[in-house]
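Some structures are shown below for you to check.
Next, two complexes with chain A in common: one pairs it with chain B, the other with chain C.
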Partner chain A sequence: MISLLRNKNEEGSFTTKGEGPSLLGLGLSLPPLLIVLVFVGLPIFIGLTFSLGFTTGPNRVIAIIGQQIHKKNHWWGTFGAYNDVIHDSRFLGDLSLTIVVTVLSTTLVLLLALSIGLYQRLIGGRKAAVLVTLSIVPLFVPVVISAWAIHTFYSGDGFMRTLFSHMGINFPTLTSTPSAIVIGTVWTSLPFAILMISSGLQAIPDALIESAKDCGASAFRIVVNILIPLAKTPIIIAASFTSIGILGSFTIPFFLGPNQPTMLGVEISNFFGSYNRPQQSLVMAFIVFAIASGIAVAYVRSNIKSARESDRL
Partner chain B sequence: MVKAFKSLNLSRIGVNLFIGLLAVFILGPLFWLGLHAFAVDWHYPNLYPSGFTMRWWSKVFLDSALATAIKNSLVISPIVVLISMVICLPAAYAAGRMNFFGRKAFMIGLFSANSFPKIGLFAAIATLYYALNLMETFAGVVIIQLLGTIIYMTWIPAAAFAAVPKNLEEAARDAGASKFTVFRTITLRLAMPGILVAIVMSFLASFDEAQGTYLVGAPGIFTMPTEMYSLVQNYPIQVAAVFSILLAIPSVLLLGLARKHIMGGQLAEGFQLK
Partner chain C sequence: MEEFMFKKSMRKPLALFAAVSLSAIGLTVPASHAASQTIQVYISADTNIQDLWVKTLVPAFKLAYPGYDVNVTFDLHGDHDAQETAKITAAAVLHKDPGVDLIDGGFTTTLGAAGLLYRPTPGLIPNIKDLNKTVLAAGKGGIPYRASSVLLAYNSTNVPTPPATLDDLLAWIKAHPGKFTYNAPNGGGSGYSFVQTVVDKYLSDADRKTLVAQAAPDLESKWAEGLETLRQLNKYTYGQNGTYPANNAETLKDLATGLVDMGTVWSDQFSSALKAGTMPANIKVTAIKNPSLTGGASYLGIPNSSINKVGARLLANWVLSPAAQNLIVGGTLNGFPVIPLNKLDPVVTAAFKGVDILNLRAGYLSANANDLKSKWASTVPGK
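For the complex of A and B:
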């Protein structure tokens, strides 16, 4: 296990002369860890107890204000709020929309990023640079703006309908439909995926591609048998971060999606605010977290595996 | 870099079409919204607005609530980035250069905290914020924005620090340079591009943050993105367009500053756990 923890220093030694022992490292890493423990870990833990029906202590006030609160009836709590949510037909619609959007958008983002990345790796040139630069642009646009810009672009009186009406085509109004959520999430997720995948592909040595080419391998075979397998880790990282981001997204579905069904991020906020059902709202957050954790495990495993492989090399 | 397949048989028209479609997809919405900032009025299905005007700009600048939001954003985000640097950079150095018990757990812990849906966290954090009297306070907004920067400010610089060759440092030490000089002139300088990318990403994360800021800041403290939420619902689209342009300026400036390093792989490097 120790070999997995190693930094990539050439000598393979853990500390250089003069650098502190492990206690100093632990000490230096404490401040961000404490912030995260207090302001992320603690609220999530308190929220978990609340979702299980612990309505005293820190949860006393919210339990008084909120509606349809379930109080614990076993020592470990109750699944009352979880039951509410699972049997809520609205939740089931939201959950399937969330999953469909996440899978579809992640696939589209990966396909786009892969084709641009492969084009850049194999052909390159000015056009490749234009493609990569274009796909990075959303990174620098605040999400609120992108959501609103896409909203106006595909709305009933937006650009797409205006342009197509002059050609005599009735372009559908996409704003406030699930399609607009997909457009918005692909738009905002593209830069990160491109950066990960293109740097992964660029790191593959030319010699490998050249020698395969000399042996008569077609471009397709090189992509499928060399480039994609060697860039697997960055691709998985891109996939997991993209899908986790989309799963919990709020701003894009809030501005672009339909009122019902909507994505769980918006519904969590609705249940907490408008419907005043905080317990059910937190239950949904934990369900999203459970799905995200499954994806996170894939990410961590892929990283550990690649660290192990590079150690062996 | 040798381009192995310069002659690959991709039709030129196909590539150009792809570039065109991607440009419309990415830039189209931005231009469309941007044009509205100067439009008197725009009725479907006209291709052109009924006239051009600057009056929406003066409306934004003369509205005191909007001006306050701009000021808040420009004060809060730099403070968030500074605090994030002070808290995270030493940790990033430790994670990149030292092997300590729990190092991997530390990196993964930060990541898993990041994969809890933000909106759920903001719902859960209210209890703690009331207990600590942080609701509707400046400190409360700073902390909520700080949370989104931590992963960038630790992971990216950690990879940058780890990539500094140790033999360079050792050679400088052998030549008689002091530990501090070595750190300043070699370690820090070589890790600088990574740190710069982390600063840019953290600034954007803080500057963009709307949902948490709204939850803990409103109605006392509004920043530009939270103001945008109410703007799009209460004002004509042209005002939102003006505001969008203003909101995008810092990001575009930062783009110019860090584009080379971000595209050079500093960001990607940071997200590979080592």
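For the complex of A and C:
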């Protein structure tokens, strides 16, 4: 969109074509922006006002039905619902579990995706191709099915326990534990990360790796100083999308995790549906939104940096 | 410039074509909701109720009244109860069509309490006179059409004599670690019933009645003793780590696969599973006392703002007829009827324990039930 508005001339300074920003450019990019503003931005704003206690207008009906609703007592609203959530005994446990699972799963996903991607890039061959294809299979399995399959696999009478009991080993029941959540989220997030990272690594020209080898660089050096820095953008994309997805996830922690503490996605659903506390569930949603925005800012900054480096900006 | 203007010779046929197609569209726009012919039914429950309506009741109703069509919308486990309640409330406030004529779901009593349901009268729904008056009044506009109760299921091979009272059950659980389970109350009614029953053990009769009839936040501090008892059971229930199955189906599965020897189950889900062969024959059910596990009627509701009240009343009346009640008891649901047993098919009621619906202990009003679910989640699992 920015390039539609301005043109960079030969000397590298920015000049505009004609008398100002191109009206055509603005007009073409306005409809999608408007749609995002109206269908995403406006509901978020209305939700924010409801979480602060504005119970009239679009929030009238939900305020009639919900329980423990705090109405505003200042011009800017009230922090009643925010206080409820922060002082709720479940919240801190849920928040820590959510952050720990997100960080751990994203790290594991990146490590696995990098290993498989690097194996394919540096060694290649049929085995690597088969490995990459297998790791993309979870993309085609609906998340509910995979969650239930993993549950059956690791439950009290599941495959793992049955197999190990024949060898006389008492394998632990992993369902209803945070470990099962990590297994589930890694399984479902791996395909996207592998697709991004392996294609990023494939795009690095052979010549760079050859010349590094000629200079005597070890495989470790090549990976750390050449491959990973050049594939930085797809790695950051994979990291941001994976972590934002895991942050708000519901199905995997619902099926595989403990009742409490649970991840915030499940807790938001509990508060909105089972406990009929829509205002408090909205507060938790905004907290997840704030964390996800932090990740998004890191993503956008890396995008701008790489755009500057490749002279697109 | 000329390329952008239609040639003069083309203008007239184009205008004619446009006029003809517009009028054709006008003619084919369907008349808004042929009001008397389609009845919109909204069901918020577990899959056995969906099967009851879709496979049993609706086909039988269409046979009895061929001029009518019934359109069933199903919401599993009441995930969207809050949204549907909001939609119906908004429709009532704005005097618009709520899109539903008959509701079968836990939130009908909430709508009734808010005055949004059509109040049934024997004049327009004659079969109402066969219903128990107390149960009908408790619906606040809702029409009870079936009942069920939560019972204690036990593996008769491993448990020759099941506990008879709640105290006996609690003692059994502690004596047999890892052999009992109940699902998390926000996931299914069978687990919720166990939680409410343990909590009720420490409440007076008057307090229990208040919690059933009206919102009572000041009585909620009295739940502490019951919740502490439940918390202490954490090391004795299945898994022995304070984790509980997510919903009704998981408890039934744990019983059927032998992971647990006892669990709380819905009477109708249990009977259906036995009939279908997914529950082994050595698993039996019993009722406990002091206090007994809860049960009660399920209510149908006709929103005041429904645009097809005639059809909805006809369907509701038919559901209360002996023909339909026989299907509810004898069919795959194995529910309890709401009309006197002497009106039903004797073959169907012979296999039936004859639980007196008047004596079923009711669950709390939804506002109190929601608070109990929330308090359980913050004080029991994982602690």
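To be clear about the criterion, the second predicted complex is superposed on the first by the 272 of 313 C-alpha atoms of A that agree within 3 Å, B and C clash if a C-alpha of one lies under 4 Å from a C-alpha of the other, contacts with A are read in each partner's own complex, and residues count from 1 in each chain.
By definition in this document, a residue touches a chain if its C-beta (ideal position, glycine included) is under 8 Å from a C-beta of that chain, and two chains touch if they have at least 3 such contacts.
None of these values were measured; they are calculated from a predicted model.
> First (chain B), second (chain C), both or neither: which does A:A290 touch?
The answer is neither, since A:A290 touches no partner chain.
> Tell me the contact category for A:C215 with respect to chain B and chain C: first, second, both or neither.
Neither partner.
> Does chain B (first) or chain C (second) touch A:Y275, or do both, or does neither?
second
> Can A:S135 be said to touch chain B (first), chain C (second), both, or neither?
A:S135: touches chain B, not chain C.
> Have a look at where A:I145 lands relative to chain B and chain C in the superposition and call it first, second, both or neither.
first
> Which partner, chain B or chain C, is in contact with more residues of chain A?
B
> Using the touch definition from the top, say if A:P261 reaches chain B (first), chain C (second), both or neither.
Second partner only.
> Regarding the shared-chain residue A:M167, is it in contact with chain B (first), chain C (second), both, or neither?
In the superposition, A:M167 contacts neither chain B nor chain C.
> On the A-aligned overlay, A:D88 touches which partner chain: chain B = first, chain C = second, or both, or neither?
After superposition on chain A, A:D88 lies in contact with chain C alone.
> Of the partners chain B and chain C, which touch A:G156 in the superposed model: first, second, both, neither?
Both: A:G156 reaches chain B and chain C.
> Both chain B and chain C touch chain A; at which residues?
The answer is residues 61-62, 156-157, 255, 272, 278 of chain A.
> Please output the residues of chain A touching chain C within their complex, sorted ascending.
60-62, 64-67, 88-90, 156-157, 173, 176-177, 254-255, 258-261, 270-278
> Along chain A, where are the residues that touch chain B in the complex?
Spelled out, the residues of chain A in touch with chain B are 4-11, 14-20, 22-33, 35-36, 38-44, 46-47, 50, 58-59, 61-62, 119, 122-125, 127, 130-146, 148-150, 152-154, 156-159, 161-163, 165-166, 187, 190, 192, 195-196, 198-200, 202-203, 206, 209-210, 213, 219, 222, 233-234, 237, 241, 244, 247-248, 250-251, 255, 264-265, 268-269, 272, 278, 281-282, 284-286, 288-289, 292-293, 295-296, 299-300, 303-304, 306-307.
> Which bits of chain C are touching chain A when the two form their complex?
Checking each residue of chain C against chain A gives 78-79, 81-82, 85-86, 89-90, 93, 110, 114, 184-187, 238-239, 241-244, 246, 257, 259, 366-367, 370-371, 373-374, 377-378, 381-383.
> Quick check: in the complex, which residue numbers of chain B touch chain A?
Contact set of chain B toward chain A: 1-6, 8, 10, 15-16, 18-19, 22-23, 25-30, 32-33, 36, 42-47, 87-88, 90-91, 93-104, 106, 108-113, 115-121, 123-128, 130-131, 143-144, 146-147, 150, 153-154, 162-163, 165-167, 169-170, 173, 179, 204, 207-208, 210-211, 224-225, 228-229, 232, 237, 240, 244, 247-248, 251-252, 254-255, 259, 262-263, 265, 267-269, 271-274.
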